[in-house]
Amino acid sequence: MILLQVVVSGLLMGAVYALFSSGLTLIWGMMNVVNFAHGDFVMLAMYAAFYAFTLWHLGPAFFVPGAAALLFVLGVVVYLGLVRNVARGPMLAQILGTFGLALVLRYSAFWAFSANFVSLPENLVGGTIDISGIRIEASKLLGGAVALAITLGMHLVLTRTMLGSRVLAVAEDRNAAMLMGIRPDRMQALAWGVGAATTGIAGALIALFFYISPTVGESLSLIAFVVVCLGGFGSVPGALIAGLAIGVIQALSAYLIGAVYQDVLVYSLFLAVLWVRPQGLLGKL
Amino acid sequence: MNINRIATILGLLVIALWPLLVHDVFYQRVGALVLLAAISASAWNLIGGYGGQVSVGHVVYFGAGAYASLIVFTRWGWPPLAGAPIGVAVSLALAALVGTPTFRLRGHYFSMATIAAAELVRILASNWEVTGAAVGLMGPPVPRDIWDFSFTSPVPYHYLFLAVLLALLWLTWLMQRSRMGFYLAAIRGGDRAARSLGVPVLRYKLYALLLSAGFTSLAGTLYAVMVGFVDPESGLGILLSVKMVIIAALGGAGTLFGPLVGAVILVPLEEATNAIFGGGGTGITFIVYGAIILFVARFQPGGMAVIWRSLTARTQASRGKNRAA
Amino acid sequence: MLLEATGIIMQFGAFRAVNGANLTVTEGGITGLIGPNGAGKSTFFNCVAGDLVPTAGTIRFKGQDVTRATPEQHARLGMARTFQVPVTFEDMTVAENVMVGAFLRHGHRHAARRAADEILGFCGLDTLAGSRAGSLGTPGRKRLEIARALATEPQLLLLDEALAGLTPAEVRLAIDLVRKIQRRGITIVIVEHIMEVILSLTGHAVVFHQGQVIAEGPPRQVVDDPGVIAAYLGGSMKRVRTPTP
C-alpha cells in the first residue's frame, strides 16, 4: 500500500514536472535555444506565490494565474532582450546567454530572499484525501490535476487551433512560415511567453506543498532537461509521459534508496538516455 | 615588431617577474592564484573555445584531480602530486562518458550533460567516506619531504604554475597550427561542410575534450597541492565551472592568451571584492559573474580579444600600416 | 564504372521524393542531372553524396558499396561535393579553407599548405589567399567551395548548382573552371537548371521528373525529347542562347 502511495505521489509531482517541461520543449522546439534558466523561472514563480500570500493574503485562485501572467511577461522580455540576439550567433553566446541569466536570477533571489527555506502554510489547500486506502494531500492532488489539465490543454491548442498551427509552422520551417505570412518573431515571442507561463503555473502549484528556496532552480532545470530529452525534443505529449515517469522514478528512488540519491538516479538516467535513445520516446532529434 | 608581439612579451615578463616585483605575500599569492585560474580556463578553452562545445560542468575534472591527490595521501600516504595520473585517468573516463553520446547531437545536449555529470559526482562525493563526505579531505599538515610540495611562500607555486601554464599554452599553440586545429576550426565553421571534406567530427571533438579534461584535472591537483584541502564545494561546486567559463569567455574564448587575460582581470577583482565585502556569502559574486556572462554573450561573445583587435587595428591603420582585409 | 546507383528510393514519411532512380557514371565525363523543381534530383544527389541514406536501393562507388557510408567516408574514398548554398568557413582565410580539404591527404601543415597553394593557383584564387572567406562575394564563395573540395583529391566531384546566381560572364568563367577540372582527370556530376550550362558542358544528361529518370542521353537529344518537354510544361526552363565558342 505504501508503495502505491509513493507511486501516486510521484505521478502528481510528475504532472507538475510535465507542465514546466512542456514549456521548455516548446521553447526549444521553436528556435533551437535551450533555456538554462528554466528552473529558475519556476523558482521565481514559487516566491511570487509565497509573497502574494504573505504580503497581500491572496489565495491560490489569485496567485496561480498571477504567477503565470508575471512569468509570461518575463519570458517575452527575455526573448526580446536577449534570446533574439544570441539565437543567431555562435553556440557559445547562445548557451552562455541563458546560463548567465540563470545565475543572475538565482543569486539575486539568494541575496534578496536569503538562503533560508520558506513555505506556504499547510492548511492553504488543506487536508488529506483518502482514496481507497491511499492518502494524498489535497494540495498535491490539486497541483497534479491542474498541471495535467494545462499540459493537455496546451497540446490541444497547439494541434487543434489556428494559432497553434502557426506556432508549429515556425518551429518546423521558419522561412516557409514567413512566406505564408506568419511572423516568426511574434510566434517565437509568444512561445517564450507561454513557455515561461508554464513555469509560472508550475511554480505556484509547487509552492502549495513544497518548500521554497533560491537554489531549487538548478535541480529543476536539470529535471526539465531530462524530461525533454526523454520525452523527445519538441514533443508536448512526450514531455507529459516523460514527466510522469520521472516523477515516479524520483519518488520510488527516494523511498527505496534515500532522498539524498534521488537526483543521482535521475541524472544517471539522463546520461543513459543520451547513450541509448537520444531522440527520446516521441521526438525527433 | 608589431604591437601584439610587444604586448605579449611585456605581459609574460611581468607575470614571470611578479613575485620579485611585489614583496607582500598577499600579492604574491594572488599572482599564483591568477596562474592557477589561467591554467583551468586555458584547459577549458581547448573544448569550449577551440572546440566550440560549451562545457558548463567542467569542475568535475578539476575535482577529480584535486580529490585524487588528497585521496592517495589520506589513504596511502603518498605525496599528493602522485595522485595526478589517477585524477587524469578518471577525468578522461568521465569525459568519454559525457562526450561520446552527445557530440553527435546538437551542442545543447553536451552542455546539459556536463551539468548533470558534475552534479552527479558532487552528490556522490558528498556522501562517500573515501572522499571525506561533506567534510572533505586534507593534505599533509607538515611537509614530510620535498615531494609533498608544501611551501609556506607562494613563490615556488607561482613558478610551478607558470611552468605548467606555459607548457599548456605551447601545446595549445602547436595544436592550433596542426591538422587538429584546422579541423576544430572547420567544425566550428560548419559541421556539415566539415564532414563533406572528410573531417571525423565526433573523433576530433572528443580529442579536444580529452585534452581539456586532462589538463583541468592537473589544475585540480595543483590546487590541492597548494591549498592542502578540498571539499564538495571547493572541488566540485558550480562556482568553479562558472569561473572557468567566464575567465575564458571574458578574455576571448578560442584565442591563445584570452584565458590568461581573463584571469589577470577577474582573479584580482575577486580577491579585492572579497577583502572589501568580506567573502562571497551573500551570493553577490555569482550575481556579478552571471551578469558578466550575460553581457559578454549578448554584446561581445568574442570577449576582450575582439576589443583588443579592433583597438590595435585602428592604431596600425593610423600608422599607415595596411593589412589585407 | 565509377559510380553506380540502382533503384534508389527516398521516402520522407508519406512523401516519396525519389521513386526508383538509376544512374551510371563512367570515368572522365561530365554528367548533368536536370529536371523541373521538385523532381527529386537534389534529393537523389544528396543520397549519392552521403548526406541522406536512401530508403531503398544501392550505391556503388569504385566497386564499393557506399549506400550507408557517412559523408566523411565518401570524402576519404574520393567522392567530393559542393553545396547549393556555399558553406565556406567564413572566419578562416581562403587558403585556410582549402587547407582543411588538403589535410585529408596530407597530415602535416606544410604539405597541406603546398597542396592548397597548388589548388588555389589552379582555381584562380591565389590573389585572394589571405582574405577572409566571409569577405568574398557569391562567385568567389562558389569557387572557393570547389577549390576546397578539389583539395581532398577526389576522383568524382559532385557539383550542386554551382553556377546558380552568377552573371552570364561569371557563368562562362565557371564553365571554364569545370572544363579544367575535367581535363585534370576528375569525373564530374552536376545538378543544374541553366540550359546553357547543360548544353555546352555536359556530355550526358539525365532528366528527373517526379522522382524518376524519364530520359537520358546526349543533352541536345534529351532536350528535344517530347516527354521531357511535356514534363517541363508549366514549369520554367531557361533557354539561353548558347554562346558562340
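First chain written, first letter: the chains are A, B and C, and each begins at residue 1.
We adopt the following convention: a contact is a pair of C-beta atoms (placed from the backbone, for glycine too) under 8 Å apart; a residue touches a chain by one contact, two chains touch by 3 or more.
Being a predicted model, the structure only gives us computed values, none of them experimental.
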Common contacts of subunit A and subunit C?
B
Greatest separation from subunit A - chain, by CA centre
C
Report, in whole Å, the distance between the mean C-alpha point of subunit A and the mean C-alpha point of subunit C.
47
Averaged over CA atoms, how far is the centre of subunit B from the centre of subunit C? Could you give it in whole Å?
44
What whole-number Å value describes the gap between the mean CA coordinates of subunit A and subunit B?
32
Pull out every residue in subunit C that's touching 2 or more other chains.
none
Listing for subunit B: what residues touch at least two other chains?
188
If you look only at subunit C, which of its residues touch subunit B in the complex?
49, 51, 70-72, 74-76, 80-81, 83, 87-92, 96, 99-101, 103-104, 107-109, 112, 130-132, 135, 148-149, 151-152
Note: in the complex, subunit A contacts subunit B through residues 28, 32, 34, 36, 82, 85-86, 89-97, 99-104, 106-108, 110-111, 214, 218-219, 221-222, 225-226, 229, 260-261, 263-264, 267-268, 270-271, 274-275, 278, 285
Where on subunit B does subunit A make contact in their complex?
48-49, 52-54, 56, 97-98, 100-102, 105-109, 111-113, 115-117, 119-120, 123-124, 127, 188, 238, 242, 245, 249, 253, 282-284, 286-287, 289-298, 301
In their complex, what parts of subunit B are in touch with subunit C?
177-179, 182-183, 185-186, 188-190, 192-201, 324-325
